[in-house]
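Shared chain: chain A. Partners: chain B in the first complex, chain C in the second.
Our next item is the complex of A and B:
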């Protein structure tokens, strides 16, 4: 039409769709967990505030699910229309997890419908609560299945290649490829921390506007404790992801860390920029920490980019994506930690104006971190769509 | 398989880009408007009193 390169336009369109879709996908995975927790506490404590939380979160959730259906359909469509040669080759392998992802989503959607329409219908409130469990599980499982597909693009396994593409396909082995465990863990943990942080943002924002609402104070306490726990799990999962990369996909780690020469006791380089000789300047250097991140040992050897053929190296700007993701990850541990300290210390006030303002920032930052994480993971796979094949 | 080997050769992807951009912009706008309406017109204090009248006033 406008004479743009179809490859470039396909990449841009896919990027735009994924950046938009991931917001709703993340909410779709995480929100049900918090609906379920809130209703459970509400029933056990006989506290209407928590029951109201579950109701209101569920009500808002429906809107985001509806948008997620549209953007998810767009992704499915674009996968086939923009990447036909990829689907022709990989379709034999990934159709199973793709189908299971759709199935898990329907499972989630059907039980969400039942959940929404059966409030106050059961004498035993726990029966209603039980209907939230398939929603939580369905959301989690759709993340698991779709993440196996992404993992497969990074470390394809479970087939032999013959004359015309893949033969002797083992789709289960393909789903359980080396990238799957750490990716699934990191995707789930980061979804839960992001939703916890966003719900905390809403509570803190409401408290800033109208002070002393018991409802919002309870919501804030619940979501802050969840943010703290899931932020720690996200960081642990991220650390495991880095160790996976060091072993199986070293170019993605090396490009992100501006690690050019293979060496022992490698420093971790934070931010900064590259001069004409591709030397990092203006960066913070943490001695030995890259070796520790890569292998759990400060003096271990980390593969540098020099060992990767030049036309197989990912772009170096992903350094910033990685650093921003990790920085936000640290903030998501520290903000709730500060809140919890203020809460536990009698003469301090955890609802101080500045504490609340900090918490308000947390939700948007967490969602940004999801975007940075995906940009890093996807750009770090370049130039491959199926790595190494 | 490299990314450029996998992509379509259709010359209409740029048109599709514009179409999808408008779709997402619409979705985002409508989504935000609906969510705001949903919660602005139904504040939690009012809803708590309606659903759980047993709750003490000023306690919400």
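Our next item is the complex of A and C:
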């Protein structure tokens, strides 16, 4: 154990901190939006249930923020402490978005403090509600800025290199690299869907335990509808990401899909395993679908792993990460859809035991999906840290 | 002014901001533990938590801001300090984590555990002690580079009188800044009981602060002659700092104008901090990193400064709003809201 090499140790440590941090980062981005929505509905409808919802979520949120702040601080320090060489090189380029991220976070922190401690201080409740907006925006913007860093690591742009490192740098162009738009969209949408699903889990869990309560039913309805909307948006964003990968990072898509030969009308392979000849066995094959996923056309050509030099291929196990992420994403569309159908149909009861149990599963699954997606995004970039450098 | 100078000034300003707000926070942690031990916690703990609860998060961000900024402006700092500070840095992370969790669970209003109070008080002193090590290292002599390999001489660090005097200075400064702030805050809240107690703390910690400052100064003379001489060139800055110290201690002693007294403390540390910083230049790490040779590319540097100025337009009004709501709102301070 102790004679592991420091690079591996550093990677493990960073991975663990990140895996942990990402949970709280996701909550930090998403929860304020729902607090804000609940308070807004509560004020407009003069419904104390929604106001209580906002308060309770806000209280729980404080704890996650505290942990998020600490793990975030740790990540910041770790980047410098464990990867000094990387920071020395990349610091020239990615410092701008990191700097902006801290600003966004600063902004969020100030208004979160105000929001949490001024519940009954204003006659006009809307003033208090307005303080939630900077928190929502700040949280969203931190996610945007930090995602540009990750996007840059995938498709580095905006600089020229010479003998000893960078010669010219255009930090704005580096931030707005090709991977940025799809990644930002995907990250934001999936954060919101995950938080909606988790809040729904809490509501459904309470309903299962304490039978029926008006408060939890309202919470469930609100979060289920949000899950549905954001799950669809996430799926659209995911689709855009796949098309982007096909164009800019074919090896990442190919490894995720176990797509070895470049061919037209490529099949989509779901799960399964690889035999000795690296042929997928026991998988579900969906004819032509990979082509459609990659280029929006069932007969288009998709680049296979064979075209990528062997030492630049990402590890193949990310296939599972990718498939799990997508499956859970699909489930997150279907669960609320089922709930909404049950709700709209008069004869059926949307608070049936099994429906609620399904919803309870949704939250943890969504969080797992975030972790799978993140592992896929990071491992899919291997062996590079900065792709192509 | 070159962009390197602007960059380091901005960062130094943020570090100064962190020193002030974090000192209040760290010191308050220690005082509330001390008050609990001496059975006086009912007098001041209410006061302390009213101020700290809304602002502790902002405190942390000042720090993150500083180190993200310094790695941004001067990427080589990550390489040198990152390697050398692995151990003390990790300790600081753990301590910050303990402190963060205290705030998280304290805000839930569950029963206060003695262990947590102890950790809260202890981290208040240990974090400044471990963070101040970075300043000690910056004087050079502890970190050496041989063929691109960074090594840190721990034995030398732990046996150096300079290193210990810095730790001592950091701790007493934290307590002095915090006590003077709490004195001001208690007087605003018209809380005479608490005022009497924290004023006593402030008077007690005043003298050690100056003794520690002088000790550190002398120890620096033995450690880094160049820096010492440069500081003597800037003697008037430290003179101003001394002057403001006298004013603050005097005002607290006569028991009037506590607000002015705290501003004097802020100015005392402002001059000392900038005097120290200015004489430290051009080195960030003596003798390996200077602000000129190791700065980031000009385009990134300028972009950072532009973002910084734009960000200030956003942050300064927000901070003022925060202070208006919690610090200068008499009703809130008195606990009526």
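Keep this in mind: the second predicted complex is superposed on the first by the 388 of 389 C-alpha atoms of A that agree within 3 Å, B and C clash if a C-alpha of one lies under 4 Å from a C-alpha of the other, contacts with A are read in each partner's own complex, and residues count from 1 in each chain.
Just so we're on the same page, contacts are C-beta pairs under 8 Å (C-beta built on N, C-alpha and C of every residue); 3 or more make two chains touch, one makes a residue touch a chain.
Keep in mind the model is a prediction, meaning the values are calculated, not measured.
K.L.:
For A:59, decide between first (touching chain B), second (touching chain C), both and neither.
P.N.:
both
K.L.:
So, does A:111 touch the first partner chain B, the second partner chain C, both, or neither?
P.N.:
After superposition on chain A, A:111 lies in contact with chain C alone.
K.L.:
According to the stated criteria, A:49 is in contact with first (chain B), second (chain C), both, or neither; which is it?
P.N.:
In the superposed model, A:49 contacts chain B only, not chain C.
K.L.:
Name the contact category of A:213: first (chain B only), second (chain C only), both, or neither.
P.N.:
first
K.L.:
Per the contact definition in the header, classify A:345: touching chain B only (first), chain C only (second), both, or neither.
P.N.:
neither
K.L.:
I'd like to know which partner A:67 touches here: chain B for first, chain C for second, both or neither.
P.N.:
both
K.L.:
Is there a shared patch on chain A that both chain B and chain C touch, and which residues make it up?
P.N.:
59, 63, 67, 70, 74, 81-85, 89.
K.L.:
Given the complex with chain C, which residues does chain A contribute to the contact?
P.N.:
These residues of chain A touch chain C: 59, 62-63, 65-67, 69-70, 72-74, 76-85, 87-89, 91-93, 95-96, 98-103, 105-107, 109-114, 116-118, 120-121, 134, 166, 168-172.
K.L.:
Sort out for me which residues of chain B touch chain A in the complex.
P.N.:
Going by the criterion above, the answer is residues 1-17, 20-21, 23-24, 27-28, 31, 34-35, 38-39, 44-45, 47-48, 51-52, 54-55, 59-60.
K.L.:
Okay, in this complex, where on chain C does chain A touch?
P.N.:
Listed in rising order, the residues of chain C that touch chain A are 53-55, 57-58, 60-61, 63-65, 67-69, 71-73, 75-83, 85-86, 89-90, 92-93, 96-97, 100-101, 103-105, 107-108, 296-297, 299-300, 303-304, 307-308, 311, 314-315, 318-319, 321-322, 325-326, 332, 337.
K.L.:
Under the definition above, what is the set of chain A residues touching chain B in their complex?
P.N.:
1-4, 6-7, 9-13, 16-17, 20, 48-49, 51-52, 55-56, 59-60, 63-64, 67, 70-71, 74, 81-86, 89, 213-216, 382-386, 389
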